[in-house]
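Across the two complexes that follow, subunit A remains constant while its partner is subunit B and subsequently subunit C.
And then the complex of A and B:
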């Protein structure tokens, strides 16, 4: 005879809104960058930096506004997304400010462009616009299912956005890659916004077509091969992504674009064959293009053996600097403000900002930053699991998949795992388009998670309400 | 700034970053969707000394009945330890008797939720009196509660193994 058997009662928990948890985490997420700011100031000048109060208050104000909007208009949304995004954005501001203090970069800027203007205030402004975008998404998008109506409009918009940099006069090739457009003095990276619009198109399209794609297939060597005519969309997307690679010389956008489609196709149909085909097609495409596009070839060379390449080609030295940076960081890093990641020079605060993390915070810091991103992706996928409508599921999955792919492509590129691409680390890197687009992305995820976690409408009437039948003697 | 301060700050900052991750993971942990399982009845800690007592006693199963009453006062030998559904859709269900009141009916918050058209929402309840004797009481049900063949009118003590009929469901108390 064993110990007492217990009766267990299993009941649904009441839906908590978790807004206070979010507020506490948000306060924590504002304090950490302020601490980092102080640390940089003390390390560089030996005194408390002058702008600390203003910087802290600014970040706290932005976070506070975002929190109040979430509390009012998305009360059941996920408590982690906003604090994580705020923390990454705040840390990005600190790292950019830290690189602004570098005498080397100031000298280089004056040497190259004749003047120096710090990037941190501009990034602060972009962050404010980003938060405004986030608030706008939450205010205007009351229900994410509305987006479903714009499936094909999104397709056209995304294609236009992706192809805009190719328009003569509008697109400006910057250092080989043509991914920027110039409008009224601002240079915009339309690819960042195309990411979100494309996710909308893919989810709307796959929601309608997934049965045809999943069920009408023949089995061949353990793989389900789709019918020829169902191959149309994946072939089209593949062709467009190759076109981007060839004409815009941008490996990152092309990979992100195609990878997101394959992920969503897999999620919608549950067929492994799509992943196999997608990987095969992207490898074939990338190898094919790399064999004749010189810009891509240079990047592959810099990846394969950066140190050999740096001896002969001048453009390769960035990659070697980045690797040196990561190496000198070691396990615990040199400490904020005490590294030499500013030696990277050009794009140290945008494409290569992760090298600063690697050098000044070490492997420990790199891992923790990757975990922050991982947590955002996890919450996105969690939202996809919890979403009740197939469109919301696919959209949340597509957005978090694109986010994850972008992290992989950038971090992998900077660390020498894959050839370097011209993308930026979301929230961390300097760049207006990236910050604004990613805040919009987080806004949409918060909207979907609010719908997903909202208490379900009352189920079918309970049997309590039914009449008890009377036994007739 | 002294070297020491900067080193402390460097390590402290890394620690704070990781602390944020840990806090975030704790939030995720407490935020898992789904159901919450609550344990009721006597704790294992309470049961342990009583078990030793039971080992000394001659008839352990009967002693177990005594432990289960918890605060319900002393109980006689041969007290029932479980309630068993012997007929109806819930046949085979058992509930340990641990001094708690058991409600029966179609209402969702009943201890035993009956899926039975002839049962009322709150049909009957079974509870121990101060002596540990189990009592069944009809709660004003439409079709009545029967102990053996007699329809209950008042709260009645339940003999061991006597069938209690509620609609199509029959339950009994066993050792």
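And then the complex of A and C:
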């Protein structure tokens, strides 16, 4: 009988926190990489690798700490983000360790630099710092709206970070792309951090200016065209992106920032005209630069037909190695530890780590990884949808959009869909900046999703409570 | 703000979809093309990832597989007596691919052949290291050694065949090369390769099967066979109607004989002293059509697969009467591989039955199980047994009474038949002629060996001395002797 039989008051329905789901998924996210680690050891040496216990415990410890912090300080957050990031980070560690075992890469390193040091332990350390960053974000950032206060400081910081690689003596070009800086022996990719800081700036700025950008416009051929003076911001970002493309020679970074801005502008204003303009400007910019700047042109050539120039141009040869690595994987791959992706040589475990996935785990493995990344993006956008405040919406969207664009630019680059860039796959690739910045990004998303899914505070008890009794029929 | 958010979500989904589609294109549609691309080192890495199987002669390997102590290729090919065996094995190089047996039987040698699937699976469970299978050849070490040493510093080639089976016993070519010298991929290997490529004496050319030479007088046995088969001659001792200075058809020039006594000589006598006029006239009598038919029955105008591919020997089927007359004495456009002349000799020695020449006896799995056993196979019957015996009588007479005396083995119960040839070539025949010799040995049980020898330009020999009998016959004799000794 569905007849209400008793007097009730209408109260908030307790939302499930999903922390136990997260814990169960985390168990998988730790166990799968441990098995992968075992798999590599058995394939290469034919015995259980000595470091397996240490690796498994380390990963479990990091995941456990992250989980406990989430349980305590962000109990209502999205349950998928942490396990996905942990799994990708764990698999990245396995792949880096696998490439550390390659006699070819060891010989090459000794030949080129006189010594070889494995990258996996360093990456383990970066992962720990990344998790610490994640914990720090959750502990210090009790409410993401605090970031709103730092809108313009963020802008300055982002510009500085983006332009740092151009400072003489500080920037160090790697393979043509100038997106690295060298400080005290550490190589840092400031772009990875700029991604987050810029998202904060765009969110704060657009939240304030969105009405002006959206409403003050003229209608022309079915499109709302903004007023001339409102074009300032998009033109500025466009110019900065072009500068990055020309002087840092990196299509990826340039595309990432401009794309992120256009997406956020569109979401803030709900005006399709911004998208149309944004697309037009990026096409014009890319074509213009590609036809005038010769070094950009070289990259385009290496993309268009790498086999044609493989004999003479190093970048082409590398691209052919990457493509052949993917091709040799086929549908199921050779199995971990049994491929020859180390033929890529330079940056095999960073920029080109996805080729190792392609060769050793095959089409199947690559699609799984792409879907994992897609899932992270999807959870991020879901957070944006659920967020209750416009700043949170914009920030979550900006970070997810930037993440999606980065996946597209990097994976598309190594698979030859678009010209190659110097950015790396988040969590998977070797590199401190990338791992640390992306853990911070996930931290912020988790913070926003916690706020979004947290049940609304119970309404203050009303003095009229007694009056709203449902009278039994 | 939620409507644009949903749209952006769809856009992000499309980005991922584009990546998924691209990946399917790359790893499914283009996988084969990329996997087998010529610049994909994986093919070579796979070839040297395990101990490579061996090529075997007389039960002993003539190849090896050494740990290369190199991070790129685990093993490296080694060769025993590389230059002597190169025309048989070919090469397998980390930098320059492979050829001949090394390439044709690569699947067996690497162990990746489908026929070795069971062995591979078994090895996986027993934990044994994967190994390649062996290729057992039909060659005879003694015959090969005699041939290679007989050629010495001369440029030339020797092919020996066992007539009753078609088994190739010797396949030598000089100057040769050592496939070990560029088996790796280092600077040293590259230097050796480049030097060989540039060498004007073409050491990498397999003269025994890949080069075609004008055969000159040794081709006269084919013309004799055609004359007998087509009934132009029935008694080899009867005089033929051939005037001295017989005019070449469609020409005013007479056919020049280097020997005396060719006027109206019998077929047997004409072969003994190698009369051009008699054979040119016989070829003319038989006609270009029947001459071509006979040559093709012996294997001319077709590539042979031993399984290493040979060049196709040529008998010009479109020659006019004059051309045909010259073709019949092995000049004009007639050209043949040493293998082809060995086949002609073998067919005659085997009483008219031509066996398909082959050099791979069996393929073996790493555990010595035989995967494939090649059996002798009849290719054609160019001449009847009766006519073959007449041809044998004549060729034996060449050795006992004629120009081929240097080939006589002087062994009891062994008959030797042969034919010399001195083929002129070059503009106005100005170049030093090629010295040819074909021969066979025969006992009561049949013929164990037929040989064809060619010696190209020989340094330090006067032009007059370059004759098949002088230069080439002793080599043929040494090879036949080695085979007879081995058998008996």
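Everything that follows uses one rule, which is that the second predicted complex is superposed on the first by the 444 of 473 C-alpha atoms of A that agree within 3 Å, B and C clash if a C-alpha of one lies under 4 Å from a C-alpha of the other, contacts with A are read in each partner's own complex, and residues count from 1 in each chain.
Everything that follows uses one rule, which is that a residue touches a chain if its C-beta (ideal position, glycine included) is under 8 Å from a C-beta of that chain, and two chains touch if they have at least 3 such contacts.
Everything numeric in this text was worked out from a predicted model, so none of it was measured.
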Exercise. Does subunit B (first) or subunit C (second) touch A:18, or do both, or does neither?
Worked result: first
For this session: Could you look at A:428 and tell me whether it touches subunit B, subunit C, both or neither (first, second, both, neither)?
Result: neither
Exercise. Which holds for A:357: it touches subunit B only (first), subunit C only (second), both, or neither?
Worked result: neither
Exercise. Thinking of the overlay built on chain A, is A:28 touched by subunit B (first), by subunit C (second), by both, or by neither?
Worked result: first
Problem set entry | Touching partner for A:42 - first (subunit B), second (subunit C), both, neither | first
Exercise. So, does A:371 touch the first partner subunit B, the second partner subunit C, both, or neither?
Worked result: both
Exercise. Which partner does A:256 reach: the first (subunit B), the second (subunit C), both, or neither?
Worked result: neither
Exercise. So, A:338: does it touch subunit B (first), subunit C (second), both, or neither?
Worked result: first
Problem set entry | Set of subunit A residues, in rising order, touched by both subunit B and subunit C | 362, 371, 378
Exercise. If you look only at subunit A, which of its residues touch subunit C in the complex?
Worked result: 102-104, 106-107, 263, 266-268, 270, 307, 310, 320, 323-324, 326-331, 340, 343, 358, 362-363, 366-367, 370-371, 373-374, 377-378, 381, 384-385, 390, 393-394, 397, 400-401, 404-405, 407-408, 411-412, 415-417
Exercise. Quick one: in the complex, what on subunit A touches subunit B?
Worked result: 1, 3-13, 18, 21, 25, 28-29, 32, 35-36, 39, 42-43, 46, 79-80, 83-84, 87, 332-336, 338, 361-362, 364-365, 368, 371-372, 375, 378-379, 386, 453, 462-464, 468-471
Exercise. Can you name the residues of subunit B that touch subunit A in the complex?
Worked result: 1, 5-7, 9-11, 13-14, 16-18, 20-21, 23-25, 27-28, 31, 33-42, 44, 47, 51, 60-61, 64, 67-68, 82, 95-96, 98, 100, 106-108, 111, 115, 117-121, 141-143, 167
Seminar exercise, completed: Residue positions on subunit C within touch of subunit A in the complex are 1-9, 11-13, 15-16, 18-20, 22-24, 26-28, 30-35, 37, 39-42, 45, 71-72
